[in-house]
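Note that the chains are named A, B, C and D in the order they appear, and that numbering of residues resets to 1 at the start of each chain.
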Amino acid sequence: MKKGVTPQQAAEMIPDGAILMIGGFMGVGSPHRIIDALVDLGRKNLTIIANDTARPNYGIGKLIRTGAVTRAIVSHIGLNPETQKGMIDGSIAVDLVPQGTLAERIRAGGFGLGGILTKTGLGTIAAEGQRVIEIDGEDWLYAPPLKADFALIHADRADYSGNLTYQLTATNFNPVMAMAGETVIAEPREISPVGVIPPDHVSTSGVLVDYIILRGAA
Amino acid sequence: MKKGVTPQQAAEMIPDGAILMIGGFMGVGSPHRIIDALVDLGRKNLTIIANDTARPNYGIGKLIRTGAVTRAIVSHIGLNPETQKGMIDGSIAVDLVPQGTLAERIRAGGFGLGGILTKTGLGTIAAEGQRVIEIDGEDWLYAPPLKADFALIHADRADYSGNLTYQLTATNFNPVMAMAGETVIAEPREISPVGVIPPDHVSTSGVLVDYIILRGAA
Amino acid sequence: MSPEEIIQRRVARELHAGTLVNLGIGLPTGVSRYIPHNSGILFQSENGIVGMGSPPPEGMEDIDLTDAGGSFVSAVPGAATVDSTLSFGLVRGGHLDATVLGGLEVDEDGHLANWVVPGRMVPGMGGAMDLVSGARRVIVAMQHTARGRPKIVPKCTLPLTSTRRVTLIVTDLAVIEPTDKGLFLRERAPGVEIAEIVAATSASLRIPDYVPEMGLHD
Amino acid sequence: MSPEEIIQRRVARELHAGTLVNLGIGLPTGVSRYIPHNSGILFQSENGIVGMGSPPPEGMEDIDLTDAGGSFVSAVPGAATVDSTLSFGLVRGGHLDATVLGGLEVDEDGHLANWVVPGRMVPGMGGAMDLVSGARRVIVAMQHTARGRPKIVPKCTLPLTSTRRVTLIVTDLAVIEPTDKGLFLRERAPGVEIAEIVAATSASLRIPDYVPEMGLHD
């Protein structure tokens, strides 16, 4: 049985200055109720690891608008001019990481690997200051693993033991982030008794999940 | 629509000397009908990348008994004394690789990564002659990607377009090998029309699968 | 026929039955309008689906099913959901037959710049760097000039997306193939003279004796 | 009480509610006999399941559900299927609370040798190297001596499984804790004198003033 918490209780666990992974892709498959609670609490100085910062005042964009974020490790900010503005005026340190590299770096963090070796970005400004490792005469770009204090993820369904399923493109970064957060808080749309999700349909095992956001808790 | 073939037709595509990935764990979730057809054709000089060589004359053990295998990259041969004997008398070159490292090396091959960095095996004889890469003062063992000419995999169900599902512990190496074979041949237990497997339950997309072993074809 | 339509119809001819294709947001997305439903081409959207379909009927949108730009899409029968690591495993691992991307500049080395205009536009590379590094074929679909200025240039002035040479450039005026001997003019748009193409191109072009008019997909 | 039973009952006390545990094949597997069904402990089997259950009733075996030794098992409610990459991601990434493994030798550095006897036994390391490198706690469960010869030795003569120090050694005579100051004798088996333990151990032991008898799980 996992501990069920309200979005407010979840947000209260997260201190100013925390490093957060937040699932979702342009807000699709993001844990919106936890984000709202973080905004309500006025958290500051957060580092966000996520695919993007969504749109102004939507999803992670709400944390951008309220100035909660001082660092963002993301692949894309093109649809949120407020993040771009923050990057340019220096109020948000933005590390832009190629999307596939970002996913693998999070996975490396969660899977106990020392980082990744990729061709993506090699020879571009996205590789500046980064290590190139030669293997059998071929150059590979090294990128270090990413971990977080908290992974805040969305799920379609949870069971009482924390097993999770995802739906369609709302899956995205959620399962891999569930591996890489020191504390994992899942916000499911539905909650079911144990056994309702067959073993082959569990995408994230409950052993990875620390807290479940309770249904309907306001 | 994928091309359906009999086990014999599949085996005929595979030349002597081919590098094969074969799914399964002690024979559970192995493509037994393809293996039988390879044995019937008397294929020789095969390199096998697999978790293990099962038991004598069972699963991959059949290929060992008939002398079809001259090299095996595996994590375990403890339950097949014939493979052990082949290793000791030199008729089979056996590379023993830690199981998690083997899985990640196959994944790296299929995912376009330059290899992996792991702590597993570091400082042991399993790391002899292998490269150690220091990152921020910490040593990591480098292991190169693995690819194969053919991935021969088992599935629980396929649809006509090659989408696959797996069941319970018969899953094991099958999905990752489907990413790393130049040609992928799947042996499903059941075959269904397209649309029967919901998108969220497809474990291996049909775009990765080249051939499906037909039902009941003898 | 609009410039966009010429480009989209010509690119459509490059896409082959039974392959997996990723179309970038914007002009490339429109290529799908010229692909018949029974083409056997599957579209990948890097946010997590193989088998993306056209926008759903009004009122039938699923909030968990969007393209990489966040617009509602549908799924074709046989579609498969993939998480972000698998999505980019397909891209990086060479399982994607083609990607069609917009461009800001392409140069004589066949290098593409399409993700940032320093000081003016900082969208982030999203999946573009992985797509250009990993897809088997990279097709740049763009207008030949921007506000009268050539976009096919001797050397990119904007930061590169990849140091890998793209496969083909399709514009409203021409089809150009980058090779290790430079940029070859392969086709002219209907009614366009070679001189007109040369005048709109600041890169040096190699011009074969015979440059046919491009064929356009119905 | 047999030596095996003493070891298994003592190890059972090390396993905590709500955690994920991997039991090696053989003696360690038997630890599960002393874990009540409602313990909240989940067992992982590295061939691909979180939530492995006891052997199924006669005639109810599922050929797709075995443990890592190939024996039929069942699944508990809330079990999850994992492929080989995720299975070892759980291990390597530190998501496994404890692994219980057999041992051939353990030495004063707390190093374990348990996978090969060169020239005599070449089983391969299987998942052992990943388990010892990655699990949060590594518990060695073995008889104190083999054919009268000590297995806890000054320095391993057999090839190491990992250069990581194990957490605890539980034998039929004693509980011993490896530390950076050497091997501490923590507990005696019921009725066993300290002198007897010292005589059966060739490694040097640090012996606190008070060495209690071990408690055994019911």
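Just so we're on the same page, contacts are C-beta pairs under 8 Å (C-beta built on N, C-alpha and C of every residue); 3 or more make two chains touch, one makes a residue touch a chain.
Since this is a predicted model, take the numbers as computed values, not measurements.
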Kindly list the shared contact partners of chain A and chain D, in label order.
-> B
Rounded Å distance, chain C centre to chain D centre (Cα mean) | 55
What whole-number Å value describes the gap between the mean CA coordinates of chain A and chain B?
-> 32
Mind checking the centre-to-centre distance between chain B and chain D? Centres are C-alpha means, answer in whole Å.
-> 29
In chain B, residues with contacts to at least two other chains | 104, 107, 111-113, 118-119, 166-168, 171, 199-200
Residues in chain D with touches to at least two other chains are numbered 49, 75, 81-82, 85, 88-89, 91-92, 134
According to the definition of touch, which chains form touching pairs?
-> A-B, A-C, A-D, B-C, B-D
For chain A, which residues are in contact with chain C within the complex?
-> 25-29, 51-52, 55, 74-79, 84, 87-88, 94, 96, 98-104, 107, 118-126, 156, 166-176, 203
Residue positions on chain D within touch of chain A in the complex are 19-20, 40, 42, 49-51, 75, 77-82, 85, 88-95, 134
For chain A, which residues are in contact with chain D within the complex?
-> 1, 107, 109-113, 159-161, 163, 179-180, 194-195, 199-200, 202, 205-208
Of all residues in chain D, those that touch chain B in their complex | 45-49, 62-66, 68-70, 75, 81-85, 87-89, 91-92, 116, 122-130, 133-134, 159-164
Please give the residue numbers of chain A that touch chain B in the complex, ascending.
-> 104, 108, 111-119, 133, 135-136, 138, 140, 142, 144, 165-168, 171, 199-201
